[in-house]
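Right after this note come the structures.
What follows is chain A paired twice: with chain B in the first complex and chain C in the second.
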Partner chain A sequence: MNAKDYYTEHRRLVLGVFSVIFLVAAWELLLTYVFPVNPFFFTKPSLIAEAFKEQVQGAKLWHDLAISSRAFLWGFSFAVIVGIPLGLVMGWRRRVEYALDPFLTAMYASPLVALAPLLIIVFGVGVLGKAALVFLLSVFPFVFNVFAGVKSTDALLINVIRSFGGTDKDLYFKVILPSTMPYLIAGARLAIGRGLVGIIVGEFYAASEGIGFAISQAGDTYRLPDMFVGIIILSVIAVVLTEAMRRLELTVAPWRAGEEVR
Partner chain B sequence: MRRPLAKMPPFIRANDITLVFKSKNRDPVTALNNLSFEIERGEFVSIVGPSGCGKSTFLNMLLGLVRPDSGHMQMNGTPIKGPGQERAMVFQEFGLLPWRTVTANVELGLELKGVAAAQRTQRAMELIKLVGLNGFERHYPHELSGGMKQRVGLARALATEPEVLLMDEPFAALDAQTRDLMQAELLQIWERTKKTVLFVTHSIEEAAYLSDRVIVMTARPGRTKQIIDINLPRPRDYEMRLTPEFNEIKSRIWEVLKEELIPGSRR
Partner chain C sequence: MKLKTFCTEHESFILGTGFIVILLALWESVPLWYTLPKGMALFFTTPSKVAAAFQQLLINGEIEKHFYVSAIAFLAGLGLSIVVGLPLGLLMGRSQTLEALLDPYVTSFNASPRIVWLPLMILWFGIGIWSKIVIVFAGAVFPLLINTYAGVKNVNRVLVNVVRSFGANEWQLMKVVVLPNSLPYIIAGLRLAIGRAILGVVVGEFFGSSQGLGYMIASAATNYKVDVVFVGVAIFMALSVILTLAVKQLESRLASWRPETAKTF
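Our next item is the complex of A and B:
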């Protein structure tokens, strides 16, 4: 295979990699030769790389990551456990929908991070307070996406199940749940983003450890390269999780694979 | 196919069926009004009628998904109260589960009835062969053509071994050639399995070609307008459609149906 064939086949990858390399190089060169600014106010890739190397070898970064992950996983798991059944029931039972909709819609639309101080007062500065914030931010995408998924279930398929004598349980497990799956995963993608915001805000606001705390502390003490290390690690995590969701969608919703345009 | 004994109840009997759709803020729609007819075991009966006259509604009633407001429906002498093993539907829009392979779709009815996995897979394989889909067992519906999807729908309906096959414009979404092919295959399968078939269609040609009798319904509210016997020899083939007898039957159906299609020509 020659270079040109390789390019046509992997155009997406090649162009993506080139643009990242170009951006990083431009940033570095610009700050080194064109505007050599004070490193207290801005930083450049080579310094970030150095800080990164140092942090990866140390223990603090890993400790912070573990602390933040724990709070994230607790909050996110509860969002899954509460959000999915709630969305299912709301989509399936009109009365539940009418009863909960105004309340949940108002909650979803409001900037819930504003509740961070309250949650920290109630649940404390430890894992619990942060997990509560993650939960609050990430539960609604699950509720509303699952709800929308149930609502969009093809009525014909429901008739098909009924015509073969299927029960309500069959309807849930053989039609409603599978057809809601793509919505659920889209919801999970949103929830991941919001949950990460929850962690960071919680740790900015009140914490003594965790990746969000590390970022804000580095900022407070003008250690910009260290701050960027935290930010970059966070965005890598976000990208990996989002990509994992996309892969998951292709496995649980293979019939949609054919629809994907590349 | 007439009953040997006058005492025996007809296999399927619809008597004075009336159904009114009521919804808030809208006038009630009388979909069916005193619809009656009888069908014998093993018959192939088509229903034709203007759009909106209640054909689908009626099939859904026979399937057990919709209850009439008044009137009786019986099968084998017992009232139809809900879905049952002895009736299965082939849907116009196929109604396949997109997340299931062909095999898993064909197995659906058996699965819902609690048939063991090994047994239902074996049964599904037989039916996939019967409808000519071998080699596509592990394909998903989106990987199939319209005709193939409807074969899956047919196989799924046949899998539970119903006595009656209800078909709601099953070939309407197919192109002309595929439709011809599916009609011929349906006739073969019908002749082999001896099912009773109730077939809704908009095509007079299709109704005449397939059926023992054709029920022509009135415009909404739907009633039986006339029942036309199709006394053409079986097995029928494509060439039969070119004979004068066939065309004579087609025009007879058309004469009856057209009064319902042209507004104002009734009464």
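Our next item is the complex of A and C:
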């Protein structure tokens, strides 16, 4: 009886875990017993696990990850430093909004990743080129989300602060910042996704180290298990970061989780 | 006086276009007030040179040729993602079992950049249209699926119960209540999917193609033809903006009567 109760209570979890286990098992069994594996074109979970173990123990994977995250952090930090003030000014000053909105919207809507080859060629295959790409891709979510956050600030609250003789500092720290916070976190979540695309594309295009380079090199040399290891690690990082942001969003502003500005 | 009222009425338009015009003019005038060092001059171009390159590529048919290749990959990938994402989203919204079974994959794929699969796709499908279509599909299918799902989940329970009480079967329920009610969500998903699909075309053509606008950009960059790079980027920009605006128009028309905004992921 107990097992049944457990099932009805955690139905989602049980079914989800079951479906993942089923898929992995089916993949492994099919390629072991039904079709013989052609190691140049396909691989199976046991081989991936082996490659995973080997790579985790080796130094190259960690080195690649460090290289990629350094470029990511540089680009991302600059996106934060530039994007948040820009969004604040756009939200607070109507004329600035009018002037910048069409231009920035066009930039945000367009696939700026198309500039990747140019950026890599101009800034080189090192940290700078990749960081520039990450910055370019991840700055706009910050701008537009902070912008929307400021816009959504309750005018009544602003008037209250003003009437009670609050200074500009009070206004910013007590009203505008708190009401912008959830938008900012949502923006960060989007920016992480876009920044990761930037890193990957930059490293696919031209690099000598980094996790994206490791994946594309493994592909070029038909080392499929290694390639899957790279893909899985990168996906796990992406999922963890995005999920962390979503959790943060839920704690900061549970009433508007999952909503996005544009 | 008249000029002044005109200015205040169209302030946003004037400031918006004015900023872009000033930016372009500044860019154009850079060589006039600053001589670039030799190394940098190689990477520099001006809007007029980009326009000239655009005209030339248009005349010799280069753009047309590449555009067709990209457009086919875009349409095929997006079409495929609609054909798969829409029904799957509807089913996931209606069946809790299916939702629980597929949720781990949908969530993790949606959160991770699909571009990482590109080398594998190139390995499996070769350089050419198929690897591109698959990567476009992989990018575009999740926003569509998730938004359709969210739309179905958001359907008014009362309406569902009413239609059920009058003896509708699942198919009729779908047609009469579920689909019309989730349409705004689906359109919002489509808008996101278009952006992802264009990204897929660009990156797919950087690496897995010998034709198409993305290939044109990548090969121009390696040959230091910076003006051609900007022609390609400008075309992608224009297409994205036009398509996004078109879908937004559709969205606001459909959503004008509903108070809550569609959830987008």
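Quick note on the criterion: the second predicted complex is superposed on the first by the 231 of 262 C-alpha atoms of A that agree within 3 Å, B and C clash if a C-alpha of one lies under 4 Å from a C-alpha of the other, contacts with A are read in each partner's own complex, and residues count from 1 in each chain.
In the analysis below, a contact is a pair of C-beta atoms (placed from the backbone, for glycine too) under 8 Å apart; a residue touches a chain by one contact, two chains touch by 3 or more.
Treat the numbers as computed from the prediction; the structure is a model and nothing was measured.
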| item | value |
| --- | --- |
| First (chain B), second (chain C), both or neither touched by A:103 | second |
| Partner chain(s) touched by A:193 [first = chain B, second = chain C, both, neither] | second |
| Which superposed partner A:122 touches (first chain B, second chain C, both, neither) | second |
| Touched chain A residues, chain B compared with chain C | C |
| Intersection of chain A interface sets (partners chain B, chain C) | 258-259 |
| For the chain B and chain A complex, residues of the former touching the latter | 60, 63-65, 82-85, 87-89, 91, 93, 95, 97-99, 108-109, 112-113, 140-143, 160 |
| Residues of chain A defined as touching chain C within the complex | 11-20, 41, 95, 97-103, 105-107, 109-111, 113-118, 120-122, 193, 196-197, 200-201, 204-205, 212, 215-216, 218-220, 222, 224, 227, 230-231, 234-236, 238-239, 242-243, 258-260 |
| Footprint of chain B on chain A - complex, ascending | 156-157, 159-166, 170, 174-175, 178-179, 181, 253-255, 258-259 |
| In the complex with chain A, residue positions of chain C that touch it | 11-12, 15-20, 23, 43, 96-97, 99-105, 107-109, 111-113, 115-120, 122-124, 195, 198-199, 202-203, 206-207, 214, 217-218, 220-222, 224, 226, 229, 232-233, 236-237, 240-241, 244, 261, 263-265 |
